[in-house]
Each structure stands twice: as C-alpha cells, then as structure tokens.
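So the structure is just underneath, and the comments pick up after that.
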Amino acid sequence: MPAELVLAIFLLPFFSFAIISFVLRPFFNHRPLLSGYVTIAAIGISLVLSIWALIEVSGAPHHILQMPDYEWVVIGDTVIRIGVTVDALAVVMLIVVTSVSLMVQIYSLGYMKGDGGFCRYFAFMSLFTGSMLGLVLADNLLFLFLFWEGVGLCSYLLIGFWFHKPEAARAAMKAFLVTRLGDFGFLAAILLLYAKTGTFDIGELQNLALTGAIGGTVLTWAAIGVFSGAAGKSAQFPLHTWLPDAMEGPTPVSALIHAATMVAAGVYLVARMFPVFASSTTAITTVAIIGGFTAIFAASMGLVMNDIKRVLAYSTISQLGYMMLGLGTVGVGISTGYISLEHGLALGVAVGIFHLFTHAFFKSLLFLGAGSVSHATGTFDMREMGGLRKAMPWTFFTFLIASLSLAGIWPLAGFWSKEGILAASFHYVPVLFYLAIITVFMTAFYIFRVIFLTFGGEYRGTDQGSHGLHESPVVMLVPMVILAILAVVAGLLPINEFLGGESHSFFGALSHPLAWVSLVWAGGGIFLAYAIYGAKWLSAASLRQRFAPIHTLFSRKYWFDELYENLFLMRLLVNGIFAALHWFDDHIIDGAVNGIAGGTVAVGTVVRRLETGQLQAYGLAIFVGILAIVACVFIFS
Amino acid sequence: MGVGLEHFLILSAVLFAIGLYGVLAKKNAVVILMSIEIMLSAVNIAMVAFSRYSQSITGQVFVIFIMVVAAAEAAVGLALIIAIYRRRKTVDAEKFDLMKW
Amino acid sequence: MGLDIAFWILAVVCVGAALAVVLLRNIFRAALFLVLCFFTVAGIYVALGADFLAGAQVLIYVGAIGVLIIFAIMLTRESRQGSPSGRLRLPALLIGLLFLVTMVFVVVGTDWSVVAEIPTEPTTSAIAQALFSGEEGFVLAFEIAAALILAAIIGAIVLVREK
Amino acid sequence: MSFPYLSTIIFLPVIGAIVIALLPWANPRRIKLTAAAFTAVSFVLSLALFVMFDRSLTSPQFVEQASWIPAINVQYFLGLDGLSLPLLLLTTLLGFIAVFVSWKIDIRAKEYFAWLLVLETGILGVFCSLDLVLFFIFWEVEIIPMYLLISIWGTGRKEYSAMKFVLYTLTGSAMMLAGILLLYFQAGTFNMVTLAGLGLDSILSSLMATAIFFLIFIGYAVKLPVFPFHTWLPDAHTDAPTAVSLILAGVLIKMGGYGMLRVCVSIFPETAQHYAPLLIALAVIGILYGAAVTLRQTDLKRLIAYSSISHMGFVLLGIFALSQVSMAGATLQMVSHGLVTGLLFAMVGLVYEKTHERSIPKLGGLARQMPIIAVVFSVAGLAALGLPSTSGFAAEFLIFLGSFNSTMVPGIQVYTIVGILGVVLGAGYILWMLKRVFYGAPKEQYDGVPDADRREKIYTFALVAVIMFIGIYPRILTDIIKLGIQPILGGFYG
C-alpha cells in the first residue's frame, strides 16, 4: 500500500476541514448541506482506505507496514522525526474511528439540520476525525502528542459548540483544563523518556523497555506520566469530572468524541505503550487499580442520574475503566509471572482494545439513540420521557440492542469483550475481579433503568402538543441500524485473534463458568431495574428514601466537582494563593518600585531647601568646594 | 632680599582674598561688583608677574583679554543691577532669591 | 633698589585701598578707594615693566569702569543706606583667610623656575605682535573679544532701556 | 563591498519618518500610506535577506564594517546571523503590520507615524549591531519614541506608565553601559564577534567577569522582563496604544532575550553556566508567578500583558539551560511570542475599539456579535497556550526538550517539570478569558457592534497563517536559528 494513501487516511479529513472553512463557509454558506457531504465523502474514503490497510496488514509479516518518516526539526544531534506506522492495533483503531465517525456524520445531517453553525459543526468534526486518525497512526510520542492535543482542541470546540450557553462554555473549558492537567504528566514523561533513550519512537521505546535498557524508577515515573495523560483523556479517576459535563455538546459529538473515539485514546495510548507499562509492576498495578476503581465508581454515579446523557457518560467512564482494567490486569499477570511476556503483551492489548472496539459501536449507538429521543421530546431529562417505545420503535429497538450489548448479554458484542476482561482480572488480580463483577450488575441495572424510564410506561412530558412525538428521520435511523448490526456482530469478528488474543467459539464461550457468573449478575441487574422501574414492584421513591445518604453521595458525584472547582481551584488557588501573589505584585514589588520613586521625591523636597537662591551662599559653597579639593590634593599627595 | 615673583604673587593673593571677602560678605550689589573688579585685578597682577619673570608676552596678552571681559562684565553687571533696582527698588543681594528651590 | 621701595609703597597703598573698598560703610568713598586701588595696580604694572598695560589699566579701569560704577551708585540711590555686611560676614571672612593662607602656602612652597631678570623694554610692539599674528597668535581671540564687547554693549543697552 | 542591505533596512523607516515629518501633508491617509510604503520595503528587503541567507555559515553575513570613532576603536559594524535574522524578519513584519493596526489613529497622525517609524529603526538596529557601542546607541534610541507614543497616544495612566517605562529601562541601560565600559577597559574592544572569541572568563578574575556579566544582564533582565524587574511591563503594555503594545510585546522585549544570548552567554559562557541555576530559578518563578497573577487580571489588555511575563520566563529558561536545543527553542519562542502576543494585542485593540470596553466582567458573549474577531482571538489564544500546530507549541516543546536534556545545569529536570506546570496555568487563563469575553449569553448592549473590517481581517489572518506555518513546519526557522546558536555553543563544548 503506497505511503501516500496511508497519509491520506488522516489528511483527507483535514482537507475537508480546510475546504469547509476556507471555501464553503465563506462562499457557499447558503448551501450548508454541502459541508456535510464533503465531510462524509472524506471520511468515507478514509474508511475505504482503512479497510484496504487492514487487508494489507493482515497479510504483512508481524502485521506491521513500515512507512517512511520525515524530519520535523533538526538541531545538532537532536533530530525530531514524525512519521506513521500501520500495525494491527492502529488498523483496528482506524476502522473504529472511520466507521463510527462516518455513521455519526450521516446521523448529524439529520440531527443538526437547521442549526446556525452547521458548517462550523462539520468543519470541527472533520478536524476531529483527522486528528484522531493521526493520533492512531503516529509512530512516535511527539507526533502522537500533537494529535493528542488536537483532539483535545476539537473536543473543546465541540463541547462549546453552543457557546452562547454558559454551561457549554464552562464545560468546554473544564474539559480542556482537566485533560491538560493529565497532559502535563504525559509531556513530562515524553521528556523523561527522551532524556533516557534519545528517541520518541514508540517501537524503539517498546524494545528498550523489553530489553531492560530503561527500567527502574525512570520507567515507572515515565509510565505513570503517560498514564496520567491517558487518565485525563479517558476520564479515569481522579480526572473524570469533565466527561459528564462534556454532555453539553451536541449529542452526535458525545457519541463520536466522548464515547467512541477520543476518550478511548487514553486506552489506546496505554495499549500502544503496553510493553513499557508491563515492564514496571508499580505502573501497571496503578493502571489496573485505577481502571477497576473507576469502573465501579463511575457506575455508582450512573445509577442515580436523571439526565439520559449523563447516565451514558458515567457508563462510558465506567467502561473505559474496564478497558484499563483489562490492560492492567494482564500486565500485572506479566509482571508477576503468571503469563509469559510474549503471550501476555499480545493478550493485554487484545483484551483492552477488543472492548474498546465493541464499546465504540454500542456506546455511540446509545448516544445516537439518546439524541434521537431528545430530537423527539426536546429534553434529556428521563423524568419527562416514558412510553416512547410506541412512538419511536426503531430507536427503541436499536437502543435495546445496544443496552443488551453493554450489559454483556450473550451473544452480543459486549459479552465477548467484557468476558475477556473479567477472565483476565479473575486470573491475575482476583480482588479487582470482584469489583468488576459488581460493576457488571450495576451496568445492567442503570442501562435498563434508562430503558424502562425512557421507553416503558406512559409519556410524562409536557412538550407533546407542540412538538409531537415522532420517529426520527431516515437519515438518522440508517446509521443507528448499521451500528446496531455492528453492536451485535462486532464481538464475532476476529478482532481479538487479529490482535493476538485468544479466540472463542460461538457456543464454547458458554462452557466457561465465568461466563455464567457474569450473565447471572447482568441478568440480576436487568431484573432489578424491571422490578423497580418496569413493573414497579418496588418503589423507587421509598428506596431512595431508605438509602438517602448513599443516594445523595452518588447524585452529588461524591462532591468531586465542589472539591475541585470550589475548594481547590477557586478557594485555594485563584482566590487564595494567586490572590496573595497578585497582592504581592501590586503592593510589594510594584510598591518597592513606586517606593523608590516616592523616596527619591521625598529626599528631593528636603534637599532642595539648600537651594536658597542666595547667590552669595552659592559662592561660599563654591569656595568651600575649592578648598576641599585643595585639601584633598595635599592630603593624598 | 629683593622683591621677587613671590612678592607679587602674595600681593595678588591678598587682593584676591579681600575681593573674595567683599563678594561674599557685602549686601550691596554694586559693592559686590566692585569686589569682583578687585579680584580680577589681583589675577591680572599675577599674570603680569608671571609674564615678567618667565619672559613670555602671553601673560600680558591674557591680561588684555581679561580687561576686555572685565569691562564687558562691568557694563552688563551694572546694567543688570539697574534693571533689578527698577523692578524691585533694592540692590540688596540677600533679597534676590528668584532661584530659590 | 628703587624698584623694591616702589613695590612696597604701592603694595601697601593698594591693599589698604582694597580693604577700604570692602570695609567702608560709605559706598561713595568705597568707590573712590577702588579708583585709588586701580591706580596703584597700574603702578605695579609699571614696576613689572608692563608699560602698555599700565596705560590700559588707567584708561579702562580708572576711566571707564570707575565712572560706570559711580554712575551706578548714583542711579540706584543706595548710597544713604551705605554698604552694610550681610549674614555671611563671618563665614566669608573665614573662607577668605583660609584661601589666603592656602595661596600663600602654595606660593611660598613652590619652586618657581625664575629666569634671570632682563632689562625692561617697551612691550607695546611685542603685545601687538602676539595679538595680531595669525600663527601662534591670538588674532581669533581678539576678534571674538571684539564681538563680546559688542554683545555686552547691546546687552547693557537692552537691559537698562526704559520700557 | 556589496549592497548595504542591513543599513538600508534599518534606516528606511527613519527616512520614512523624516519624509512624513517634513512633507506638508495634513491628510492622515497619505501619511499612513507613506508609513506603510517604507515599512513594506523594509519588510520585503528582509524577506529577500531571508531567502539569500547562506544556510551553511555560522558567522555573520551581509556584514558592513567601517571605522566610526577610531580613538576608542568603535566601529559601525552590522551583520546578520542565525540568531538575528528571525528577529529582524519579525520586527519588519510587525512594524509593517503596526502601521495597519494604527490605521484608525487620526490625532496628530503625522507625529505618531513618524515616531512609530523611528521606533522601528531603533529595534532593527539592536538586532543587527555587532559593535557594543552601536548596539547601545540603538538600544537607547528606541526609548524616546516609546515614551512619546505611550504618553501622548496612550490611555489610562499613560504619563505614569510612560515615565515608569523610561525610568526602568534607563536604570537597566545605565548598568548595561557600565558593564560595556568595564568590558572595554578589560578587553580593549567593542566588537562582539571578537569578544565572544576571547574566552574572557578565564582571562579576567572571576569577580570582574561576574560583575560585568550581571551589570549587562540586568539591562536585559529589565527589558525581557525577568521577575522581579517586571512591573513596568503591565503598565506600559496596558496604557500604550494598540500598535505600540504590539511592538512592545512583539519585538521590544525580545531585545532582552536577544541580548542575553548575544552578549551575556556568548562572551561569558562559564560565568553563565556558574549562575545558571539562579537564573533558571528566576525563570521558573517568573513562569509560575506570571501565570498566577495573570489569572487574577480583570482588564483584558493587562491580562495579555501579564501573560508575557510568564512566556518570557520560558525564554529565560531556554537560554540558561545552555543546550543547543533549548537556546534554539528560546529564540523560536521569542519569534513565536512576538507573533502570537502581537496578534493578541491587535485583537484586544479591535475588541476595545468596537466595544469601548476592556474590563472582562463587563464583556461577554461577544462571539455572536463579532465572530471573526472571536475566531482569530481564539486561535491566538490557543497559540499562546501552546497548542500543537501553532508556533507556541514548537517553541515551548523545544525549550522543554532542550532544558530537560541539558547537561550543563544540575537539577534542571526538576525546574523544567515545574516550568511545564506554567503551560497548564497558561491554558487556564487563556481559556477562562475566552470564555468570559466571547462565550456565554450575548449581551444586548453590544448588539450591532461591528465585526472586523476587511483591512483588519487581512492582517490578522496573515499573522494567523504565519503562526500556523511555523507551528507545522518549524524547520523554516530552526534551521537558521541553529546556525546562530552554534558559535555560542562553542564556548561550552569546544
């Protein structure tokens, strides 16, 4: 496959961005749909090229296509290169990004119809897709970081897409800043790794880590630094607070960026650098623990949210935690020697990325479904929905499939990928397995709570008359149906094997007791949700009352927003330390400057009294001076 | 001991010191001007003495220039005094403090 | 020897006249003593063999400046107030004496390389030579002095002119 | 001797100033066109030099050398190397753009544009001089027009700010002059190239070397500015007219960083190394302190001004990390900051011109009323916070990379990491400012406020394009900058 075509995969969307912003927006603003078509065309071609790359990679030795790279900056001995590489991991991500992005763009044609910022929307979406594809293809950390920040920027722009809403502007800023805090660690880690190895190249870094050329504390710190970047992007605890707020953006944005692709970039990064992580027990254990904890922690908050998108957001955080858990536990297995290095490296990546792969489809579908629902009802608040099953059968059906997939029901996609993670944690870090299995229960509960609240029962909204409950237009439904198909079959695609993981037969998976355990827990969750919200055997209100403290804890998100924003950011930093420094600057430093000036003037007002205006006094002074000089000459000669 | 260079120089110094005292101590601006003339004469004596004892005519040439300046100074200085007197009705140097602070 | 006697007489009269100028309270008398002082200075010039300068001294100082000063005294009508000393009398005295002591000290302490005396001759032509020769002479300064005098005259006229 | 390009570039603006002052035109438009023409020719010529520059020579090129004051061996000595070329280019570009930024000035336009052009000549001279006396004279030349521009055409406490600027700068210059003279009496020459090759560290006593180093350094530190000599900057930037803020932040303060590289580090490499930990600590304090105080500002222009202190901290860090990459990064950062902050000031000027308001709490939701300005402001802001694909990232990354890998200064890694925190804070103040000014609900009182007009669009877009281009392809400058760094490095490695 020619290198130009590989570059075209990520350059095409950039090109589309350029066309939209420099040609379509200024000159064809009256035909906004054009920008949608350009975006879709660009991403469609990227998808085709990605599939071609997939075919090429599966035939290539070691599943790697080597691509030429270019010198970005050369200063003395320091040569910074940029380039791309196509391997199994990258190509799987390419498929995910291009296909989900394509579906979302088509959906957006309907969803964003009539919005004043239609062109801008598609320009940003193109920019995002290009950056994300570049991130996936980058073969060195610096180049990756370039796109890493690029997707962050697009996320900022798209969360704040409706910038006239104060919450959106605020959420956008929050997202950027929290991820940037993580990126601080990432950048430091890049510098540290370069200082120790003299390269940014990921392949070389992997080899050096595996051969032990870098190790010990340096490696641990570097890995932790990289993980802090990944945690910021993937909204892992304690940097998770931005993602739920990011739901202020348009729903297709949430589907693409904040469910399927960008937030998964953190997981991708850990997978990319997996040999480095696996070489440090401390680092990989951190990944596993943070992942496992985030999974259950986020799920707990998802249980009680009333905003459908927020439930999905917490679900995303939780599922990303799963992916980290999968990577982490296999890594722990490697470093504790339960599993051979060679096998483990492939397995870890396969486990984590397989879930990323399936999750991308069903989670983006869930978001698109939520968008479709709000398109009809004009709200995201589930308390004002209900009974939409009849009005929106297609939406309901696809949403149900995605939910089942998320809950991990055999034989849908989520089952297969989640199974791998559960197995890994069961084998290598049993403690985290228990957390994970509880999370399975919670996942099933909250997603079916959504289904019962939204689609079951009777319509509770007030907006019906003006809006009219109706199914979404075909342009929105088609992508949903396609994604629904993928949410069913994605687990059966040989992605896992392609990445080097273990294969499962269709029914063979059910022969493992572990599968039944998770199915039982998931079923339990669904049943409980039915009991409370479907059949109303249990009253949600009385349950809420009984567990009031816990409910408050969950619904107030453990007070993390208050802790970070009010206490830490505003009280401690901006109005505390920074205010003190501001005062210091105005009064001490500038005070010293003005003080010197004022002192000079004060001395002047005193000393000027010597200037009496009396000519004779001056004359006297002159002769005193002459005598003094003469005296000096006598004394010193 | 015969009269030599030193004698003329000391005479010059004495005249200069007297003039200096007058310049610094007297209140009347005209007297101050007169004292300045004494100082200039003192300098002239020293110049001529040096000229005489070093066989160089330059000192005398300088004295001519000093005389020129002294004449000019006297003319301008007295004119100034008269101008000030017209304005302020006094020639008391201690009351001239326009340059104060 | 005649020179010595002349010097001592002239010096004593000159210093006495100068002291009278600064000490007398009658301003008109002070002016007259100044004229006397100028005369004795002219005498000292003669003693030093500077005949041209002595003449110039009499013409300029005694004639021009003396008259100018007396004019000024009359125009300012300050004579009845006399010539009192100001606040700075004592410091001035002190500084004057210190200055005198310093200069005498320097004059006495310095080894003047005095050339043996030569017979006195008329100096007028020598001065003229020095003043008007371009090479190593003072012709430029002479011209400037003329300009200075002119400026001073104009300045003086402007200053005292009635509005 | 070939065509005197450098003299032509340097003195064209001042000739323009004379032309403007002498021609009896009262029509401001003609004055502006004249100013634009002279600065444009200067810019085009410097672009030509950029093309003709021999990218294999580390020594100065386009040299013009003539004896000037033979008694003390002062020369009229101009030259251009990898260090000065980018800054020369930046100055002529911003000088050209400054004329357009000032287009709306009609009060005493003749004097204004004349002084603006004199200012440009002063700055250009500093970047091209290779003789310390010549350098110092150009350094001082710039102060006079700056004082007048701020105190006559400024806003707010303009007289105070102008005076503060002059006094601060003169204090620094006085020290620098003392240092230059000391240097002359020790070394017997003002020629910078010769001085750099003498190895004065080992010839002079360490006390003398330190004294000269710091006397000269303080002159530059005031200009850069380095914490704690910075308080003139916010006042001067805030109260100056827009174009002058642009020149001030864009190129004038770069003279400080340039001087440090050209004089302090080049002539006294060992002394620089000895005191590097101290100076780097100051740099890191400046980065964090500047950013922290920036976060507290409520005046839009003052906020941008304070951010310069933080950004110049990066320059100081890069210079005294004393590695090739870090110094190249510092130079690139100077260029980048010049473009980015220049653009930011231009944008603040536009916002102020249209809304007559600079207080951040009173602004808000402007993205609706002035979309173009909002977009360009955002791009400039993102470049200021170091987003990849803008010049800010390339520069800051090189500084961090070079500093972190520097072997010259012990403990530099820790300083670098702490310095990177400044980038996080930078994102904080930029985004927060953008949010408060442009986002949120549109305010009624700004309805009907015009957006950027065509001329404004052209120059802001041009700056954006340059910023992005350098960010994506930094080699266009780094390949030149490294030639300028090479001789400095000789003082350390061989």
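Which chain is which? They are A, B, C and D, in the order written, and residues in each are numbered from 1.
As a working rule, a residue touches a chain if its C-beta (ideal position, glycine included) is under 8 Å from a C-beta of that chain, and two chains touch if they have at least 3 such contacts.
All values reported here derive from a predicted model rather than from experimental measurement.
In terms of the distance between Cα centroids, subunit C is separated most widely from A.
A comparison of the A-B and B-C interfaces places the larger number of contacting C-beta pairs at B-C.
Computed from the mean C-alpha positions, the centre of subunit A lies at a distance of 94 Å from the centre of subunit B.
Subunit C and subunit D have centres, each the mean of its CA atoms, that are 65 Å apart. A separation of 7 Å divides the Cα centre of subunit B from that of subunit C.
The mean-CA centres of subunit A and subunit C are about 100 angstrom from one another, to the nearest whole unit. Residue positions of subunit D touching 2 or more other chains: none. Counting partner chains per residue, subunit C has residues 86, 88, 91-92, 95, 99 touching two or more of them.
Within subunit B, residues 20, 23-25, 93-94 each touch two or more of the remaining chains.
A complete list of chain pairs in contact reads A-B, A-C, A-D, B-C.
Residues of subunit B that touch subunit A in their complex: 20, 23-25, 32, 93-94, 96-101.
Within the complex, the subunit B residues that touch subunit C are 2-11, 13-28, 30-31, 33-35, 37-38, 41, 44-45, 48-49, 51-55, 57-58, 60-61, 63-65, 67-76, 78-83, 85, 90-91, 93-94. By the touch criterion given at the top, residues 86, 88, 91-92, 95, 98-99, 102 of subunit C touch subunit A in their complex. The part of subunit A that touches subunit D in the complex is made up of residues 71-76, 78, 80, 142, 145-147, 149-150, 153, 156, 160, 163-166, 168-170, 172-173, 176-177, 180-181, 184, 187-188, 191-192, 194-195, 573-574, 577-579, 581-582, 585, 589-590, 593, 597.
Within the complex formed with subunit C, the residues of subunit A that make contact are 616-617, 620, 623-624, 626-627, 630.
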